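Taking it in order: structure first as structure tokens, then the write-up.
Order of writing sets the labels: A, B and C. Residues in every chain begin at 1.
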Amino acid sequence: MYVLRRLLQAIPVVLGIVVVVFFMLRLIPGDPAAALLGTHATPEAIQALRDRWGLDEPIWVQFWLFLQQLAQGDTGTSLFYDVSTRTLIASRIPVTVALVALASVFSVLIAVPLATYAAVRKDRLPDHAIRMVPLVGLGMPSFWVGLVLILLFSVQLGWFPVGGWGDTFAEHVYGLILPALTSALGIVPLLVRSLRAGMLEVLEADYVAVARSKGIRESRVLFVHVARNAFVPTLTLLGINIAFLMGATVVVERVFQLNGLGSLMLTAISNRDFPVVQGVTIIFALAVVVITLVTDLVAAATDPRIKLS
Amino acid sequence: MSAPELATTGSSEQAVALEGFVVRSHPTLRKALRNRSLLTGGAIVGTLVLIAILAPWIARYDPLQQDLAATLQLPSWVHWLGTDELGRDVWSRLVWAARFDLATGFFVVLFPFAFGTLIGTLAGYYGGWIDTVLSRIIDVVMAFPYYVLIITLVFVVGKGIRGIFIAFALADWVTYARTVRSTTLVARRMDWAAAARSGGLSDRRIIVHHILPNTITQAIVYAMSDVVYVILAVVTLGYLGLGIQAPQPDWGSMIFDGQLFMTTRWWLSTIPGLCVVVTGIGLSLVGDGLADVLRPE
Amino acid sequence: MTIPALKVEGLTVEIARGRESFRAVDDVSYALEPARSIGIVGESGCGKSISLRAIMGLLPDAARVVAGAVAVHGTGLSLEGKGAARQRRGHLAMIFQDPGTALNPVQKVGEQIAETPRLVLGETRGRARERALELLRHVGIADPERRYDSYPYELSGGTRQRVMIAIALASQPKVLLCDEPTTALDVTIQAQILRLLVDLREEMGLSVVFVTHELALVGQLCEDVCVMYASRLVETGPTPAVLERPLHPYTLGLLRSAVDLDEELEAPKPIPGSLPDPARRPSGCPFHPRCFLATPECASTTVTLTGLGDGRASACLHVERLLTEDGRALQEAAAKAAVKPQDPAGTAGGDGRG
């Protein structure tokens, strides 16, 4: 029941995303075809592009064309490479998925222990130190963090490659460590701040005192009673912040020369390759919708109260 | 050195007098003057703003002045932070970049702040289909990863300062709207709001005089972190070549330009980044402090 | 002389708040005989709940026991450290004030009860489940098979408190510590839960410490009573005697401020002033700023709980006057005198519950 309701809620959001991405072309000042092809374009080339996108047709016909393409998983042919955006995007997805996944893992591995340690040592030195993390971390541009990490770990110490993705699986993982760390550090401050508050709430809760008063082992108190109650807010928090994390990977991919969706988008922007930009944008937004949906469903499976609201 | 000292004494005496006169009767101000986060953050942000305003006098050279005979010089008394690959003075560029980046950050949030607060208040106050429609719009905008949306919008409407303003106007109001909407929902259910309504006051009067004063503090507190996010985004756009356009100095483009010389001139990229970090710390402290001070007892 | 079921001696707890620290419980001593019950009464914030948590080994991080000893049936208990709460299994169990926060929201209530028999008493899974069902039935929950799989949010406040009691009983304790077990409940439910506690106590021969801010409840439940004010005990004794003839002005104040439903509808008369901040406790007798018997010596003389025979004790400098004169009459006279010279609205200063 809850699953169905949650799925239905996602439908208007997906429709909204499609409409927004469609209307982006209309935001281009003047004739989009002329603007995209640049000043050297011949009138014939501009007219050809207008015909291809149906720019002389009424707006709903254009939207219908757009939807038809989208139904095939496509947003048109790349203006620069002359292949379908679907092919281009598909080839770039693995890098970005791996980067986002590894970055999520890193952010949890860094933020959860820090927040827990701060909460357990509340108002003492470790807590005060850890509470500085959000303060300093929030103002750090990801691309700059990436550069500093490259400077330290690749240039000075030589531990990691300066960039790139390698050829074998081992090289992929190895090459992803610094970029994933960079992306993770972008959301760690946000996670630490909220998680610390959440952990404090759970640690000071009466039901934890009750669990202790039963005489069960402290490890069981922590892993069963504390962890299970702290899991849902952590998951929800990660779900909310993953959108931001994905946005940050766009820039991080550029810094580390990774050929993922972010690099594709930035290259497409410098080539004024509009269909590709549209395609990447829509893929990112849909991914966020799916991830939010999944985290909500997992949270509901863990916390019986969620299904009520 | 004696003149500035005199000035300081004078102003601190004034401050004491002020404290005696105004502060005692004004609890919020008194709380503000005792709040350490607010004072520290205020000092950091104040210094940065002062540097930005006084850039023409603090910068020692024209930030655009190239000197191809003296490129990539090491820091010295002549050039405090050395010169970049075109022989421009790095210190001067840093100071002028502060002017552009801070001004952009502060002015860019004004529209999202005002528009988002308005939309959030309307949605929360009237509820019904207005709320449903506005909430769905907010959901849709929030579904796009922040940087993806900003970068795409800047690309579509045109890079540079004008593009930045339009892009943030379109994308950045949603967080304000969402925050204010939820606090308005709470405020509307309070007894005093019901009393004001049953007293026959117009909706406009209730919103302006009763609801907004209670909800806007949240928006103000968020605006402080938002200035950080916006400056970060502007700097990121600068790094990607979509932001403040060359040759105008900007911390982001300075980091990008310095990247090529990272092995030998590491400070070219590192120091502009530190400026962003310090700005972030200052504004976050102000935000934390404001949240403490404005929180009702 | 029997060995007390629970003996608390000189219990002193300090709580750190910022840079300073204060005594939340100061030199509290009492003994609970087997199969009897003792009530601890005082306004919210006087330290009574903290004293229970200290006994249970569940003090929050900022609090620590600086002096005192606790023994159950003659066995001393450690008061600090991670294992402190574990050491109490089979001896002590505690019922918390708010069943809404005391049950784990994401665990089925049956499992929360079965946890003790399974993990502490070493029963098998099936046996632990049976035991939990038995306990659910025992605390008066209809259809225990169905309730076993409920989550706390699906239950009413009264049922939750019954579950809480079942959890406490699961460890087969000899002493039950009750921290205001009915305060968070509706009045009608309160009566049911109290009935249940009385029945269980009789049936199982439990010894009970009952913490409350309502003197009337102690009258119904407990043989002995300790009155607590500003972290210290100010009067102790057998309940009927204390209620009949209080020997401390604070006890008199509590009695006078209580709403008595049997009497004609009179507004309760609160004790003037409010409970002092424990970090800024008045000198001498801490009650002297609110006391109708106070004299200048009260502010300078340290008072201690002094035995008066018949199991009674009081920490009042002027206890002689209360022994020889009618305390209630003195109190009324003082109240009448106080109303005249001062602004009547300004004297009350709080509802007496803090």
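Everything that follows uses one rule, which is that a residue touches a chain if its C-beta (ideal position, glycine included) is under 8 Å from a C-beta of that chain, and two chains touch if they have at least 3 such contacts.
It should be emphasised that the depicted structure is a prediction, and the values quoted were computed from it without experimental measurement.
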| item | value |
| --- | --- |
| Leading chain pair when contacts are tallied as C-beta pairs | A-B |
| Most distant chain from chain B by Cα centroid | C |
| Cα-centroid distance, chain A relative to chain C, in whole angstrom | 52 |
| For chain A paired with chain B, centre-to-centre distance based on mean C-alpha positions, whole Å | 24 |
| Per-residue multi-chain contacts in chain A, two or more chains | none |
| Footprint of chain B on chain A - complex, ascending | 12-13, 16-17, 20, 24-25, 27-29, 134-136, 138-144, 147-148, 150-151, 155, 243-248, 250-251, 254, 265-266, 269-270, 277, 280-281, 284-285, 288-289, 292 |
| Chain C-touching residues of chain A, taken from the complex the two chains share | 122-123, 204-207, 209-218, 220, 224-225, 228-229, 232, 302-305, 308 |
| Residue numbers on chain C that touch chain A, as the complex places them | 53, 56-58, 60-62, 82-83, 85-90, 92-94, 96, 98, 101-107, 115-116, 119-120, 151, 153, 164, 167-168, 170-171 |
| Complex contact set, residues of chain B against chain A | 136-137, 139-149, 151-153, 155-158, 225, 228, 232, 235-236, 239-242, 252, 255, 259, 262-263, 266, 269-270, 272-273, 276-281, 283-285, 288 |
